[in-house]
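Just so it is clear, A, B, C, D, E, F, G and H label the chains in written order, and each chain counts residues from 1 on its own.
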């Protein structure tokens, strides 16, 4: 690990990707993630990598498709509207089973919206904003250090399952600075070369075909069953979450990413007032930790889900809680970030209502 | 061609039968590309990107590593491949709906960047696979299922001239429009394709060959009639010829 | 939680962002936890920019806060916008060279400093921000001068390295100016 | 005994007639039989006059044609 | 109502839109919905309407944005990959509160997939495949007649709530023919002219501004709250569904669209074997009939959800059932349509398992 | 201009202060457009489509019905409006990232269809709003935040020439490239804009005026220096002049 | 459910789609419920096309079925593909002019008809499909000739109207050919 | 008593200096005061020599300038 450095989230994520062995980046500028693109433009040539600014996000996602189909470690980053434009391409990438990493530094929506932090792209990331039965391995860091640590994992999971990964961040994580230490540079010779399936030239072997297409529905269903088996395995093995002071808690707060770290303040404030509350923070949004949450809430009095949206993850929380105890929701949206005080207020009200 | 005057299926083609309609020019162009891959001995390092269109199956017709891109995005996909593996030969194969409608931005910027890829552009003035809708290259007055009263400049605008547009971008190394309407034209087309691949092999930049082609099925003609119609109508609108040549002549 | 939450606000060109970064970096050098969060977006252009710096002994949850315990106002709009947010007993530092107004609240401590003038005396108007940083450090004692110097060495590298001395001078001048 | 021979893959042939159309010697024609796709494939009806120009090969969209010199196949790459 | 005609689903939907007063269509061909586009190209000029084939689905959705912002009744249609390309534009349209109608004739996915019927775009339609907190009013017809009847409703709801509507069909509904009778032509003078908000020229009034944008997060949140109030009202007032033989049923089958009609066969077969089963068919997928379903399942033994996907609506079914009784799922995907016999088999197995 | 030699803010502008940086040419062009709307007395029926870019707020700067399109899609949005309401005057205002990068397909097809809309295209060779990234129009060697070592043809391709591309499409009625770098050039620019709007009013087809503009902030220059740099560098790469004129001269 | 489920299959050019549409339309004219579902997509090109027609007294749930009770095979591939799906006792109609093979199953009824020849005798090979339709109607009695004629009037309009008589002739010839 | 008068909206002015740069008579200059955005707005320091050419108006990116003929404002549309 490197010494601690004060780094902007966007730049830290870019550096982490490079240290994870990513030497190829395609992307298009958009606030609040542009510093990531710009860092790559500066840094990649220094490490013999290739940076290319695409003409659009539609082009970017298809460049990713092309690069990933050669088995090369590759990534892109964008923010909400840009990620929407990538949906067709992402569906193709998932269907063609290509490993690659996406970063969505979410901003307020819908439409042009604004450029402030938000969590209103949860459905898009976890349920599939594109067409068809596919999933993205979706990881949500709550600090720059965690982002830097999750990025190599995102690449490894993408390779292991031949499935795209998504880092779901937000404008605050992208724009803020905090101390972070980086892992060492990955030895490029250790990267999987994927020569068993990738398009690298068929000298001395049968040609490799990369596709999400089969005109015969039975064959296409077989392809879907292959994805589905993967997804089942991922749901079993790759669930990640963090709990804080849940053991003696009567109430559980659930939040992810930036909201999750802010709730750690609320937790301290509430506990200092003697309120028995705990925090459940999903790190993998897909696969969502349904079972862990369900085990956790046994015997608790209620759940408060807090999001920077009008309520998206709360549906997964309800699926996890499965009607066993009340699930409440508090959210701000459009780029407004709930402050610890207002969330504490909500928590007290909910307890007051005896939920 | 090999010393002895003998003609047989090139090795770069897989054994699959083409899915094209009787008399469709897609098949002729496929064979020419395969012949060149054989002659340049690049089969082992060639990557092909098929479009969405009647040639969507093309990635299975060539015995090289292949994929099919999202509709219109083949140049972006090829860009991703070539940037990842500069030593491979990458070519895309696209129809006029794929390249000149939905894929307009991708082809123009790939050409402008001088991506070292080769694009084979089949201009049959119509959307074949989806059943004969209007293409950007559909001629004025031509009836299609989405211009049932004939294409009118007033409402649908004019046939797009892809080579004329692309010649205005900086990165093009070779650009020619050809036909495969007779044995002689087939020979010319092959020469053009050879130069296009040479441009990539020499790393000179982007290369594209536009082939005016028939779609007997959706034109509602016999293969013979279709070729006559192409001669009499398409060549007028889309004059054949070399637009850019930074390759020069081989000795 | 004994977190120090500081908001620094001023015009785009006044270097408020760098001030915050130097402070947060210095805190990191002292193995404290710190976060720096800027306002961002096109509205910064011409308009006012600000950043929030949180320094704490513990892990920092929220990098934003509704009630900062210190505010540095480099121009009038910033004073109007942030004075009210300040926590009771909070510290308000005003750059009087630009802000020719009195704060309205009485329940806070106020430090005034003629930063531009002091900076010009040192020989460069552009270090007025560091003069004020000095005032803040003096008033709060949150960070040692030594850590500030180390922070400069990290932030001002390459061509900018030669500016380090002048910046240190500015910080010290700021500290002196509010010492009493 | 002819110098050239044109072999037509009946199953690949879709009966488009381009080879017939462009054969300078009119040695090709449609056969009456159906192939499994329901097409009448082309056939060489007049081997004697085939000059091995390869026009049929060049125009065939379905790579159904192979042109040989001499009776016995000449290997080519 | 017209006399019964034998019409292809795609063409019937187009004719229904025209009779509902739609005289403006922008779209791009894609199987299995191209006959809808082609019918519009033929028919609109006959009724003094305007048809324009756009250069892409991205262009199409933005043409819709422009036309709808003038308060003109307008629609487009596409199939899965094309609908993915429209996601950014749809998010803008929802944010700008523009009334218009989308038709997605769903095909097998993900990626290029195939062109056969599927229901794997449920999440995309109902949860928002685009970015931000927005919703589409999503209606799912199970027969051509129902499609023809729902299309005028889709336009009316879009106008009433200033929100885009989506008709979620599939390749089977688009390609098949069955007898259908059309309602009379709507008198165009009865269409709302939207002159109170639309862009029509500001002669003699303050200029109208149409936007999904506000750089100030508090203002953007206010805009979101306006949407949210609408959504609440829609969830209250616009829930639609159909139940068959549910009263005495011990088990409930849930399916929508084409799958729903196929289950009506299964229902007959099962009942003829004495199996007490009923059918719940959501017609509005958003708003989803959570409460109706929850009321319905009280005292039942189990639920079987059947979809032409690997399981998407089933999440809403579970949210509705809220853990009260077991929810089972059966699905085929990639363009494969479950046959009545195989579903009956599944039903029996589930009952056998005593769920 | 009005009979008496007096200069004041045109009515077609709202009272809002522009959000542009000091010396940015966006403001000059805004004023010219507003003057023309006043002089043609079309304020009451004009619809404006703003882009995403520094001029994203432009829809609030003009006192006409206005909206902001998705990044790059203004021509498609304007097409939808004009097809819905042919009697309104519709204009779009776009930057070079918006029009020449992500919006390439939309502008080319709107031009080719001869959509009766007018596009004002601000070419400042950079992405302004997002903080100075490379644009398709960025000059070779020019340093931006995404071409930190200077744009290289080898990697990023060549500056795109929008007018040169669009002149190859069939539907263009008026097409000119201008500057607003001096009072005299401002006058010329206004004449060009007038012709562009005239083309639409007369229903002749699509019209576009490209304005070479400064971005002092992201070029890292003073407004004065920026205008000098534009004179010395941009005009060389992007020669001003009329590319298409089907309007002819008013008497 | 007493649904009549018919699959008609043959080469692209043999007019199998129109046969099915005429049948479904005739059923509608008799106020029966009916659905017509085509195979679709590029694979139709050259390859074989087929459509499924369901006719019933009740509302029709599934327009597809795993076990049709009638199959019309216009070419060999269709025979190979659909014979096995046919329900026991089901009706298989074969166009012997193209299909020179025997069906393998013994638990079904088979009707053979030399449709192309009959059509040519009538004077147009292209109505071979209607000859077979006639055979189907005769064998099943599912639809009246009158309704078929009405269906033609609806389907063959404009320039095609003049073809109605020839098509009716073909249907009748087909009925006659299998009558015994 | 001058024939022309240039009015500069101090709050709109961003001190870009283009009016000053292009004034053929150099009658414009920056004022020392700040406006609320922190800019030094332009000012007319030499009314006598203003010829009312409107160059400053034409070059002003922020529509901060109005040029009047005669002292009293002339109404224009």
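The working rule: contacts are C-beta pairs under 8 Å (C-beta built on N, C-alpha and C of every residue); 3 or more make two chains touch, one makes a residue touch a chain.
As the structure is a prediction and not an experimental result, all values here were calculated from the model.
Trainee: Along the shortest chain of touching chains, how many steps lie between subunit G and subunit H?
Mentor: The fewest steps needed to get from subunit G to subunit H is 3.
Trainee: Which chains are joined by the largest number of contacting C-beta pairs?
Mentor: Top-ranked chain pair by contacting C-beta pairs: A-E.
Trainee: Return the distance between the CA-based centres of subunit C and subunit G, expressed in whole Å.
Mentor: 86
Trainee: Centre to centre, by mean C-alpha position, how many angstrom separate subunit D and subunit G?
Mentor: 37
Trainee: What's the distance between the Cα centroids of subunit C and subunit F, rounded to whole Å?
Mentor: Subunit C and subunit F have C-alpha centres separated by 41 Å.
Trainee: In subunit C, which residues are in touch with two or more of the other chains?
Mentor: Each of 41-43, 46 in subunit C touches at least two other chains.
Trainee: Show the residues in subunit A shared as contacts by 2 or more other chains, in ascending order.
Mentor: 31, 52, 55-56, 58, 81, 88, 92, 96, 111-112, 114-116, 211-213, 215
Trainee: What positions in subunit H touch 2 or more of the other chains?
Mentor: Answer for subunit H, listing residues that touch two or more other chains: 14, 39.
Trainee: Quick one: which bits of subunit G touch subunit D in the complex? Just the residue numbers, please.
Mentor: Listed in rising order, the residues of subunit G that touch subunit D are 11, 13, 46-47, 75-77, 98.
Trainee: For the complex, which residues does subunit F have touching subunit A?
Mentor: Going through subunit F, the ones touching subunit A are 52, 56, 68, 70-72, 97, 101-102, 104, 127, 129-131, 133-134, 136, 145-149, 155-156.
Trainee: With touch defined as at the start, can you tell me which subunit A residues reach subunit F in the complex?
Mentor: 28-31, 34, 37-38, 41-42, 45, 51-53, 55-58, 81, 111-112
Trainee: Where on subunit B is subunit A touching in the complex?
Mentor: Subunit B residues touching subunit A: 14, 43-47, 49, 56, 59-60, 62-70, 73, 76-85, 88, 105-106, 109.
Trainee: With touch defined as at the start, can you tell me which subunit C residues reach subunit A in the complex?
Mentor: Subunit C residues touching subunit A: 1, 21, 24-25, 28, 33-38, 40-41, 59-66, 154.
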